[in-house]
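Shared between the two complexes below is subunit A, which has subunit B as its partner in the first and subunit C in the second.
Let's look at the complex of A and B:
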């Protein structure tokens, strides 16, 4: 019998892709499973931060119940701050970003230099951005200086009324370029034909913008919003360094709430329960948004 | 044809507006860098001093000599470089698998990775704190290097998958027809072609780790402390030491800004997990 006659033993088809994915899968899911297990366990105990884990006392779901129903819990107030922060950052960033992307989407010298400059705020170290924001928004800071010139009034940005706005403005400065760069890339790859046809038909520039540009850009706008949504919802460093959630609870978004419950109030159990809820909120809302986006894509 | 005067002045105005807008975004950064060279009194001056001050290097001397900033830069570099290399090493085979093979539940698994990427660092950092303590790995480089993989590997897979899918599979197939094994075809043809994308991904992961705050802050104390967490040293009881802080921010952000400008071509894909091509 020669080798030619033997039927080659074929390896099953799934083997190669499975082996290739295995290292990534093993590493990522081990870390995730270990953390998830530990987090869920911590969320069901009563434990003061700093004490060893053996002092933990199992309390079941009481931590969750306390956060959601107890009158002293600030969880719902935190959610309100979080929603304000989300809307306060995403809406201006989208509108400004779109407008500036349109502005940059013209033939003009220096355009590539401008987009290079816009990369800078996005990649700066967030903790440093927070600290710089703190100085710029101080009473004698840069922001008040320009307010002084324009309106003759200086504001107390560290106070209860304006702290959240200050944090929002820092984010708008940092992340509007994100919208600009992505939407500009989208504008530059729009097909030319519909615009030419519209011009032949005598459409005004405004009409071709609302009837052609906007619908064609919608999927990209939604993708960008979803990505930013995820990031804003989990943002911690900038707010932590600027105001650490204060004054009072005025800048305490969900991630700050997790930190304050665990380390300031030293309640590991409730902090972990809040963490679990943060993860559930972020993942489920993002899944819903991705699904909704896919539906719109099909209809368009 | 007569040039349309109104539209020319109109577009001039828009040009000026564009330049103004871009300067608004650049200005806070420039002011930060220039403040690193101001004396203490000049930093606090009201109205702020924009130019005409005598540059001083005292804050840079201070952070290098007294605050040992090089130690924290070394930690940041070790952690960022190791975590990035490990990520790329683990992710390339997985990426290839997602891009080139067909198997059951492929997109489901890909989204599984993506969902893990969404988990906020702050939400598991205290669980990781207890884990680190129980493994005796608190305040070590290796713990941060490994923990960052949870976010880096899914990111790298999503990022690089687009680059591999952009390389025509026919190139590999023709090499295989010529007798090359699948691995050889990958090594000789696909790998060189995706090198640019891999480099860009690596740089962006490096930037992410270099800048990361919450995990580094709560999982280290003295030994493995990184650059972004040094901000705590500037917040003293007698107020914030702004000069050294600006100097540190200038030095800490410099490599990242340079890197980001190098991979600008890939930046749009990078920001969108490869969902949008720039």
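Let's look at the complex of A and C:
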């Protein structure tokens, strides 16, 4: 009897993790794919929300055509408001967040207390934030109280000229701490050596910041931006509670437009088409930002 | 002699107590019959947060105790309840036995078969004599009337719109209460210009249904309309529609700063804090205005029917009801629940606990009128609403697609109100969009 000398065949390394991930992946993928498919399908029908789904009538791309070209559609106006809101929130939040993170990165008394306080706006319920915003920005509210003391003038934040600025300021108040916390965590993990070397070489603080801190932090900055960017484009509660998209359509962003069209005006087809376009915008811009982040990371 | 007198008194007392205890309380008698047949049943009712629901909540434990029927209330915010209704009709299934429905939803729940017609139930043996359906104001009953001549809801909280004014300021400045909209404009201008810290008028103008709600009151007095009652065609481009929109836009300058974003609580607050001389608002605001814990103008406010425009004086009606779902397996118990809570027999309990009045016996009662100075204005405004109905017009179109129409008017009207587009552009846009929506009706 001779023992057979066999070499056990090695399983590929990716197999075990793939098998473990597969169930969760399958569930998530199926739900996401089904939802996306249903949404696409709904965007090509004429259906009033509240009628049985069997009443849906296929109309091809007419819903998209109406949204993009019809003279009564406010889609483009809504898109303009959305872009203004996006830039108006992300840029100040990033700049303020970075500046405060740099300040907090120094050793100062009360840092930890201040950091803890920063979390409060983030953990508040969005509808509560909207309600606070609505009260603070009313004509007799807290914001005008300080404006009155400082400048002797009170503003109409509920009016068409300042309503969008009011919701932007509320967003900045609520979400700047998010940038601060993430960027502060990033700053605290930066290696010390390059900064010491720069100091020995006689680099100024500004040079250290622009030539070392910024390039090292850029991937994290972009990651934070991507997270917030996706969030801002989906934001609904705060604006809804503050102004419901008004006055006129001055604060109607795309998510509000989707809500009003689908659930209030009950036009499932046009609401779904607007929703598809919103998703396309979010996904395309996110992919661009992720690519940029990877390139920067690679170069760094 | 004295002992005999005490003895007779004792016998009399015992006799009276035994008569009282022999069970001639009609409510308890009725409930005993219901308990025998339907005791042990559980019913599920969807409701929105509302003062009348708070009143019902205090009455339900006694109903459960008397009838043995268990009531499960699923309470949610008004918008959520509206969406729940839409989802249930879409899915063609009802998970409730009864639902609180607004006038705006009646056409939808009736035409879809989601709710059941109530006439057979009103006339059924289950209905107690002390329910008295006819005592509910006809204007409110008819809010829940559908094309088939049947009613699909029992109203319990009716609402109309009238004018609130600061009696003290009007008397102090020697100004007569306005009876026309031109006089309203003049009075509003006077108070804005001459009384420190007081604006002329307060009303709601928030984008969407709130704008439509407010604007719809001004439509008919200026000759405007949504649908021509003779042809059935969309008639938002009637000249009076533009005139009414222009009027409320002009009135805006005399309102508190920020009116263009005011929801109804802010419009009410402005008046209750003494910052507006006039308010054109829902009758539901009146109990708040007269509540000294909440209002600085309690006891100083006068109430009047709405002024006349060039085409007449009109108001409108809105309100809430209980509808019964057609798919319910426990309709008898559900109807007993609806009839009990909305009955005339339980009206005192209901009103004492903050329920909104909707019955003639309460609004016409001189004692109650003296205690509630706005009752007469409510009755007058309901006459004005009836006058609107006689023209074949209403503030809520009886169509399942009302929410779409209301939203289109509320967006385009609000855009014109703040000058984002011109009044003509708004009218032309809403005429086209509403025609498209109602084309399949």
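The rule we apply is simple: the second predicted complex is superposed on the first by the 274 of 300 C-alpha atoms of A that agree within 3 Å, B and C clash if a C-alpha of one lies under 4 Å from a C-alpha of the other, contacts with A are read in each partner's own complex, and residues count from 1 in each chain.
By definition in this document, a contact is a pair of C-beta atoms (placed from the backbone, for glycine too) under 8 Å apart; a residue touches a chain by one contact, two chains touch by 3 or more.
On a predicted model such as this, the values are computed, not experimentally measured, just so you know.
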Message = Touch test for A:16: subunit B only (first), subunit C only (second), both, or neither?
response = first
Task = State whether A:147 touches subunit B only (first), subunit C only (second), both chains, or neither.
result = neither
Task = For A:264, select first, second, both or neither according to whether it touches subunit B, subunit C, the two together, or no partner.
result = second
Message = Looking at A:120, would you say it contacts subunit B, subunit C, both, or neither? Reply first, second, both or neither.
response = first
Request  = Kindly classify A:244 by the partners it touches after superposition: subunit B alone (first), subunit C alone (second), both, or neither?
outcome  = second
Request  = Quick one: classify A:53 as touching subunit B (first), subunit C (second), both or neither.
outcome  = both
Inquiry  = For A:160 in the superposed arrangement: first (subunit B), second (subunit C), both or neither?
reply    = second
Request  = Count the residues of subunit A touched by subunit B and by subunit C, then name the partner with the higher count.
outcome  = B
Query = Which of the two partners, first being subunit B and second being subunit C, lies in contact with A:195: first, second, both, or neither?
reply = neither
Ask   = Is A:173 contacted by the first partner subunit B, the second partner subunit C, both or neither?
value = first
Inquiry  = Identify the residues of subunit A that lie in both the subunit B contact region and the subunit C contact region.
reply    = 49, 53, 263
Message = Going by the contact rule set out above, which residues of subunit A touch subunit B in the complex?
response = 13-14, 16-21, 23-25, 27-29, 31-32, 34-36, 38-39, 42, 49, 53, 100, 103-104, 106, 108, 110, 114-128, 130-132, 134-136, 140-142, 145, 173, 176-178, 181-182, 185-186, 189, 220, 223-224, 227, 230, 233-234, 236-237, 240-241, 255, 258-259, 262-263, 268, 271-272, 275-276, 278-279, 282-283, 286-287
Task = Report the residues of subunit B in contact with subunit A in the complex, numbered from low to high.
result = 11, 14-15, 17-19, 21-22, 25-26, 28-29, 31-32, 44, 46-48, 90-91, 93-94, 96-98, 101, 103-104, 109, 113, 115-116, 118-124, 126-128, 130-131, 134, 146-147, 149-150, 153-154, 157, 182, 207, 210-211, 213-214, 217, 227-229, 231, 234, 240, 242, 245-246, 248-249, 252-253, 256-257, 259-261, 264, 267-268, 271-273, 275-278
Inquiry  = If we count contacts the way the header does, which residues on subunit A are in touch with subunit C in the complex?
reply    = 48-53, 71-72, 74, 138-139, 154, 156-160, 163, 243-250, 252, 260, 263-267
Key: subunit C to subunit A touching residues, read off their complex   = 83, 85-86, 89-92, 108, 112, 205-209, 256-263, 266, 400-401, 403-404, 407-408, 411, 414-415, 417-420, 429, 432-433
